[in-house]
Amino acid sequence: MPLIHEKTEGVFVISATPFHPDGAIDWESLDRLTDSYFEDGADGVTILGMMGEAPKMTQSEAAGIAARVIARAGNRPVVVGVSAPGLAALGELSRTVMDLGAAGVMVAPPGSLNTDPKIHGYYAQVCELLGPDIPVVLQDFPLSTKVQISDEVLARIIADMPSIKMLKHEDWPGLSKISKIRAAEAAGQRRISILCGNAGLFLPEEVARGADGAMTGFGYPKMMVEVTRLVKAGEIGRAQDIFDAYLPLIRYESQPGLGLSIRKHVLARRGVIASPAVRKPGGPLDAAAMAEVDRLIARQEKRLEELG
Amino acid sequence: MPLIHEKTEGVFVISATPFHPDGAIDWESLDRLTDSYFEDGADGVTILGMMGEAPKMTQSEAAGIAARVIARAGNRPVVVGVSAPGLAALGELSRTVMDLGAAGVMVAPPGSLNTDPKIHGYYAQVCELLGPDIPVVLQDFPLSTKVQISDEVLARIIADMPSIKMLKHEDWPGLSKISKIRAAEAAGQRRISILCGNAGLFLPEEVARGADGAMTGFGYPKMMVEVTRLVKAGEIGRAQDIFDAYLPLIRYESQPGLGLSIRKHVLARRGVIASPAVRKPGGPLDAAAMAEVDRLIARQEKRLEELG
Amino acid sequence: MPLIHEKTEGVFVISATPFHPDGAIDWESLDRLTDSYFEDGADGVTILGMMGEAPKMTQSEAAGIAARVIARAGNRPVVVGVSAPGLAALGELSRTVMDLGAAGVMVAPPGSLNTDPKIHGYYAQVCELLGPDIPVVLQDFPLSTKVQISDEVLARIIADMPSIKMLKHEDWPGLSKISKIRAAEAAGQRRISILCGNAGLFLPEEVARGADGAMTGFGYPKMMVEVTRLVKAGEIGRAQDIFDAYLPLIRYESQPGLGLSIRKHVLARRGVIASPAVRKPGGPLDAAAMAEVDRLIARQEKRLEELG
Amino acid sequence: MPLIHEKTEGVFVISATPFHPDGAIDWESLDRLTDSYFEDGADGVTILGMMGEAPKMTQSEAAGIAARVIARAGNRPVVVGVSAPGLAALGELSRTVMDLGAAGVMVAPPGSLNTDPKIHGYYAQVCELLGPDIPVVLQDFPLSTKVQISDEVLARIIADMPSIKMLKHEDWPGLSKISKIRAAEAAGQRRISILCGNAGLFLPEEVARGADGAMTGFGYPKMMVEVTRLVKAGEIGRAQDIFDAYLPLIRYESQPGLGLSIRKHVLARRGVIASPAVRKPGGPLDAAAMAEVDRLIARQEKRLEELG
């Protein structure tokens, strides 16, 4: 089974978890969704992240989803979110999913880490617990976690914990963080892979500054695949043209809390999943929002046609 | 099996979870600890709260602890903390422990509840999920949860959700909250039981204002039993004398984050549990703190003797 | 002097405060900036908001800026941000600027308001302090203030405090908040003006849902003027075409903390202000960001030309 | 005029600001209060701190209070709180009060400092702004400021900013922070004065661990003076006896938000200030709380008599 490593690149789609309208997991839609991501050109998927409604799962549901998606993905890498309030649950789920063939685990910092030494100490404990053989993705998403990871402490974490192979970068503003990491690497710091989140809202700039790709869940993963490929190929103008065509919808999807319902509406509208249902306390998109999304998609299709 | 109800009174000790030095659960100490609480006069125990290191347990460990303590407690009530990031896990654990014979479940609000309607909505969802037969304790502990529950929204929750039978009161400052609830009940609001936390730091005033007792984890539960009994019996002076004798240690134990290590040191020193070990990211008490605690205990014993 | 009222509409630009490179106020640039906003079609300006670096001013500087801009604006309305840690300073500044001819004052909630009753109580105190004759803009910007104002408490504030004439709307996500206010008005609630912030990121949808315009500080105020006018005229397609042309830059400017430096860079590049200097602890835009902004502006101009 | 320095010791009382019932400053009570602090044995006073209701003052009121207290104190040191949302106001007030003869200024970190480098950077800017001749007290009070200052960043601040002469220590739990600073000094770190806050709740332990005294506002400053003196003289038992006699009231006063009203009630009851009035949004103590305070004071007097 493939593992992520410090040079992993491309697009890992943050997978949604499809539910039936009654809240039960829709396994058929989950298969179709997994297939769809790879058909759209994804290099991997990341499951049980925040957008995968991980905290709303029981432990056995989480393991079941991991088993299903890893099997379906075949030899393509699947990263699994294992963030948990305590280390025991985090360790247990990590070992379970690695045994199932996961490519690595993703860990966001708990909200109680309010100093740089506590942040460093937490990841030291996680890495010690998981041992040297489980690759770890550090999720740096302060808007949601409330934990601000400074450039300085991030550099210390990279230096001290070799099993952290990848940064899921979604600090905001965060462009200079990418530049600083790449500059530090040019000066001798160990390389890590950087895949960017934040709904893709800064993807052209991020890749141009040295990110290796995207790890987020926009409803049209094809956009992320093309923009990442084109910027890397030096075709920044064309990349930005395509990005701009999707941007009105990217912006709309980036609304915190609401983003998941929008994304599921888009995926259901595209026929990839059967129902846009989200588990409580989430709810469905209201009619006004649906109309706005549909209008944006119609414009997006027209604009993409113009671009050829 | 006894269930908690809107008139439950007395002292429910927030139970620690004893570990071996290597972090494994120490089942023998857990039995001894459970016995010890009842020998000290407790009316019930509450397990898997924050002080029980609940977030550091795996799901199966949590169920195992609940089974053990409920069995050991015999026909005495055991409340189980079931707070979880999502409703699915909360519901699953609640049903498991109620089947084992728990007296009720305790639910703290997740930190994302930043408006009164969201707080109300969350408890509405919890109560709908659990159904009318599972008694719920609402844990109101803003210092830890970051969720401030106003008098107004608390009154609406009490009015709308009959399965909430008890308030674990640890708002700070919070004395007027007790007075307002009892005044509202005098004016017709449904009664609920109020047991107070906050390490017992305001216990005489709380009971004098109408609280039904304590639900917290001070290392000498006997203090809570006596103070509660004496205030209810109108002997406020004697109650305060005893309280004051313990107060230097209560104050010391109330240090957030550190309190658990102090409490376990006290329990181990008293011979109730074998080891003061706490799970990571917690750590042992350092030598200076141990010396301070030991000095306070020596003074406490002397003062209690003086009081007779 | 004109006062804002419950039907005020159009675009109030959140004004920057220009500084010389040494941090002193650049009065000439301030005049030019004020003129420029009105030349771009603004209906009013709002000074001493967060983007005006208000907290970095001394009290006398704040009064000086208000005097200068109000004089320069002539008979056009100037709203003044008066948020302060305490009511005494807030009241003093409010009276000063109203005497100078301000059109109203803007008040953001202090971060300590962590329950709905406290939020309501705070605005009640502010309105009582200011009296019935000073029109108040309620700034609802949770990302920055950390205070989440629910639809319910907002409705109570509107009902109870007639001097609140306008909502500076920048809750995020916040589109449904606009729809709910307009629906409540259709059902009899007092009307208030709604001008939207958030860097204009959702302006077409906001106006379509009933907002009266914009109150934010994007570097090209013309965009806000045109989009607002076109949506109100029913030309949503054309409005969105123009909006989309600016969107890559709007998105870039919306980076919290960094937005002010970007905006000042744009204003300086446009020749409106002499220097992009921001006061400490802010700093200048780095070279990489400047290049990104310049590239976006070049594309923006080309796209606007294509649109005609 | 005396300045604070790195060996300043003793008790600096955090002064309340007395108001008339209508909210106007009560200058006569302010004089009496200042005198009373020194009569009780204080070595200095600290004005315009949080407990001095500083944020509720206008800038001119703040300067007026500073002038009055500094004049009244004669050659005894007066520290002035100058925390402000921005550096310009902080600098202006600092220069004003130093010209008036203040002994130093106290600066708490603004709530936006969410990483160690930001905390360090903020104090670097403050010290650069104030220059080498104004002694600075760093107020470390996370419960109120929401800024957690780690041992590591505090050590860097002490090393890099020689004008920081004193730590107002009120981290909680914070005893080990004192021990670590003193240990670092034994290993060569520059010495700073440590005066402790937190309503005095841990004063015996703090001084025993190396603190130089107290800087807080308990209603009976004599307690702080005696406990500090006795612990330093090695009479820890006698110190703790006296401390314990006051502890029930200290505990009651330490309720956040409510503490100020309690303290003013005590001061008014003692006849030191004319009215317990606090400025809005604060309010008076309710009848139940007053009765509780009065009961505690009666017991305190009795216990002190027993102790002789």
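Just so it is clear, A, B, C and D label the chains in written order, and each chain counts residues from 1 on its own.
Heads up, the rule we're going with is that a contact is a pair of C-beta atoms (placed from the backbone, for glycine too) under 8 Å apart; a residue touches a chain by one contact, two chains touch by 3 or more.
Nothing here was measured: the structure is a model prediction, and the numbers come from that model.
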Using the touch definition from the top, list the chains contacting both chain C and chain D.
A, B
Pick out the pair in C-D, A-D or A-B whose interface repeats that of B-C, meaning over half of the contact pairs match by residue number.
A-D
Rotating chain A so that its CA atoms sit on those of chain D: what angle is that, to a multiple of 5 degrees?
180
Gap in Å, rounded to a whole number, between the CA centres of chain D and chain A:
47
Determine the centre-to-centre distance between chain A and chain B, using the mean Cα coordinates as centres, and give it in whole Å.
38
Need the CA-centroid distance for the pair chain B / chain D, whole Å please.
33
Give me the residues of chain D that touch two or more other chains.
none
Of all residues in chain A, those that touch chain D in their complex:
114-118, 142, 148-153
Quick check: in the complex, which residue numbers of chain C touch chain D?
53, 55-59, 61, 84-89, 92, 111, 121-122, 125, 279-281
In their shared complex, chain D is touched by residues of chain B numbered 172-173, 175-176, 179, 201-202, 205, 209, 240, 243-244, 247-248, 251-252, 255-258, 286, 288-289, 292, 299
